[in-house]
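In what comes next, chain A is part of two complexes: it sits with chain B in the first one and with chain C in the second one.
Showing the complex of A and B:
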């Protein structure tokens, strides 16, 4: 590359960055006007937030811990059950949704669209929707987590299935193996590690999401947080938030350990 | 592994696949983990004590709800689109603020640019604390602190996004070649000079990519913040659902879907271009 070319590229890069920054600044100003946002409001907001966190929320009420253990365990159970059922269903569906293993392209496109819908409608909306017909409680929480899990896992599983070594598949096919024999002997063994990896990752996401689901009536810790705020029992709320924190971090730690052990 | 995980967290795409199962020994332990998973699943179901009769009756009720959604009612479109714009604005402001904040903290958190390792540790743990609490809970906290409206939404997104951006920014900074830093240091450059002349130019495109991906996540989050009262289109949705106007709710759902999906497409394209250049 000649010196001139280099300089041109450098200039182009600098201009690109400048343009990006100007665009960003313009968008931010537009947004600030639209939301009635200002720097004093920001400072005030963070100040009020910090005051609320350190004065009203602290110290957490440890005597409320006994009442919160139940919802906390429910949160874990819901996330795990949704992950377990979700990964089994998604595992079965993804075989038909991956280009490499799908028996028919129409089936593949249909399943992909289906899972995109499950995935792109936020979990909280699924919960609000399902609460209207299934009532409040753990059932709704588990169901909406299940729906979102299937949506996410079908996509991830299908993408992993598309990346498997096709040589093995071809070899078996050449030997006269049937469709199901090919799936069982060539596809599944290669697919297993990513199946486990994505399922564990899904468990982490579910644990986070389950607190959100609880806020709109799906049971678990989110419900405890929401009702605590409505009743101004802020010390209980902070205890519940700490439990959320513990569960999320513990799940991350555990899944990382299992991942390291198995895969 | 941790890096892969954050990649997937924001990409929602397999960047790197987990390697194949190691050996016969890990297969054996795999069987135990599988058995444990099944046992824990059954235990969870027993503990959850789900009402399966409600599952059946709920399905027919759900079908009725869905039939009430059609045709979608777009008569409130001005209202809904206004709320959608508000959601986008909340997402933009929250992302921009968190980028500014985490840009500075990332240099303190990255092992190769931090003034002291204990500072790095402190900033990192603070970030993971912010990250572990879901944005919706931040929104609830800020609603109590500053009242309803878009402001608590902006604050909640800023806090949540800062938690994850500090982590990924720091990781990108740590990927900068040590030779670059060493070369500048040997010429007698100060800390600030090393960062501006050496680290920043190397990491810039990675940082930009993270910003785009963060915006994708923040937009999805800002659309739902309204459901707990933080303004935006989520409020329209939960309002329509609670007043049993399912046809209006479906229209709002469509708008949310289009917002989230179009940003996902744009950022996917950007990601592919970044990867091609890299």
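Showing the complex of A and C:
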């Protein structure tokens, strides 16, 4: 490569960066005007917000706790089932969706598109669609979480698979290993830590998302919150919100511990 | 009949870079051949064409009388299992045990699903243990592969190669990432096992002294062409100079040369 070519590349890279910064600044200004964003308005909303939080929601009604245990457990079941089934399905699909392990590029592109559709339609839309066909309840909640979990996990798994050390794959292929032998013996051992890591992260996301899913008819704590709001039982609502918080934090704590152990 | 007969082997990469420019040689059973040449000369490409990890553009490679070019599926697996490969970066599966890594040498002999699930035969496991004892790593059998030192990992690599019960070992810079002491151990054990078991070996090296010490024959490669093929005694200092520098007007254009390690290609 000549000195001239190098210089051209360097100049192009510099221009690229400049263009990116201009674009970023432009977008920020445009969106600020578009949304009518202003700091004073932000401040003005504080009063009403504080009124709602401290007068309507407080104190939480602990006597309602017993009735919320069932929905809380539902939330945990739904999240866990969606994660468990989702990671198994996504694990199998991602092998065909990663450039390093896919037997055919067409399969790879097809699966990527399919999983993009799953994950890019928000979970709340999936729930609304599924409620129309299956009615209210935990099944719908689990199914919607499952769909979005598969969408997210296929992508995360495929990207982890694309980062594996191909030297190990090469070694086994050179020894005469078949496609499935390479997958089982060289790819899986490298993939396992990220498989577990992403699945646990997916569990956290599911626990958070299950609240939203519940609000549109997917069961669990979200459903309890939604009912409470409709009946103006804000003290019950705050109790349920606290439970959500506890479950989310507990899941995060637990998954962090497990991750630390395994990886 | 020669163990391997290579004729008119050419490799042109997709971007037009010429890796090999017509190589001919034969390998007799049990020969220990060192392949020397400057970085980017095509040594790695040559070895990877032989076991079809890189797809040759032209030429013929007969291994035990069978043409390897064009072989697919089961036939390709059968060719590869008798032609072990040892790598510069060891390429052990790091997260599994040393024993399992040696057993990977048996995959070419197993049914696809048994191999995929790691259901190795008792006799294979016993053989793998014996091989680990042979390379002096009996105590490391159940350690994870990445807990071992570089020299130890390469000895596992040798054990894995031997587990294939090969006729030929392709060693791609087996000591380039090792310190001098480990290099000595690895080269001497590789040489010893090959001569004990009557395995032929093609070994890429960039240490000329190592090549002279161990090889029964030396092939010199320069810019994808074979420029020397003879005994270590015939490899004079002038010859070495020729292999590594060739004519001065050709030599100093480093950016035009292909990368040292063969590009990854799906073969």
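Keep in mind that, in the parts below, the second predicted complex is superposed on the first by the 219 of 263 C-alpha atoms of A that agree within 3 Å, B and C clash if a C-alpha of one lies under 4 Å from a C-alpha of the other, contacts with A are read in each partner's own complex, and residues count from 1 in each chain.
Convention: a contact is a pair of C-beta atoms (placed from the backbone, for glycine too) under 8 Å apart; a residue touches a chain by one contact, two chains touch by 3 or more.
Just so we're clear, the structure is a prediction, and the values are computed from it rather than from any experiment.
In the superposition on chain A, contact of A:64 is made with neither chain B nor chain C. In the superposition on chain A, contact is made by A:261 with chain B only, not with chain C. Once the two structures are superposed, chain B and chain C can be ranked by residues of chain A touched, with B on top. In the superposition on chain A, A:192 makes contact with both chain B and chain C.
Comparing the two interfaces of chain A, the one with chain B and the one with chain C have residues 190, 192-193 in common.
Remark: chain B residues 1-2, 5, 8, 12-14, 17-22, 26, 29-30, 33, 37, 40-41, 43-45, 47-51, 54-55, 58-59, 61-62, 64-65, 85-86, 88-90, 92-93, 96-97, 128-129, 132-134, 136-137, 140-142, 144-146, 149-152, 154-155, 204, 208, 220, 223-224, 227-228, 231, 234, 237-238, 241, 244, 249, 253, 256-257, 260-261, 264 touch chain A in the complex.
Chain contact summary for the complex, chain A toward chain B: residues 17, 20, 24, 27-28, 30-32, 34-37, 41-42, 44-46, 48-49, 51-53, 56-57, 73-74, 76-78, 80-81, 84-85, 116-117, 120-122, 124-125, 128-130, 132-135, 137-139, 142, 152, 155-156, 159-160, 163, 190, 192-194, 196-198, 201, 208-209, 211-212, 215-216, 225-226, 229, 234, 241, 244-245, 248-249, 256, 258-263.
The touching residues of chain A, counted against chain C in their complex, run 1, 165-168, 170-181, 183-186, 189-190, 192-193.
For chain C in complex with chain A, the residues that touch the partner chain are 51, 53, 76-81, 84-85, 87, 89, 91-96, 100, 104-105, 107-110, 112-113, 115-118, 160, 164, 170, 255, 264.
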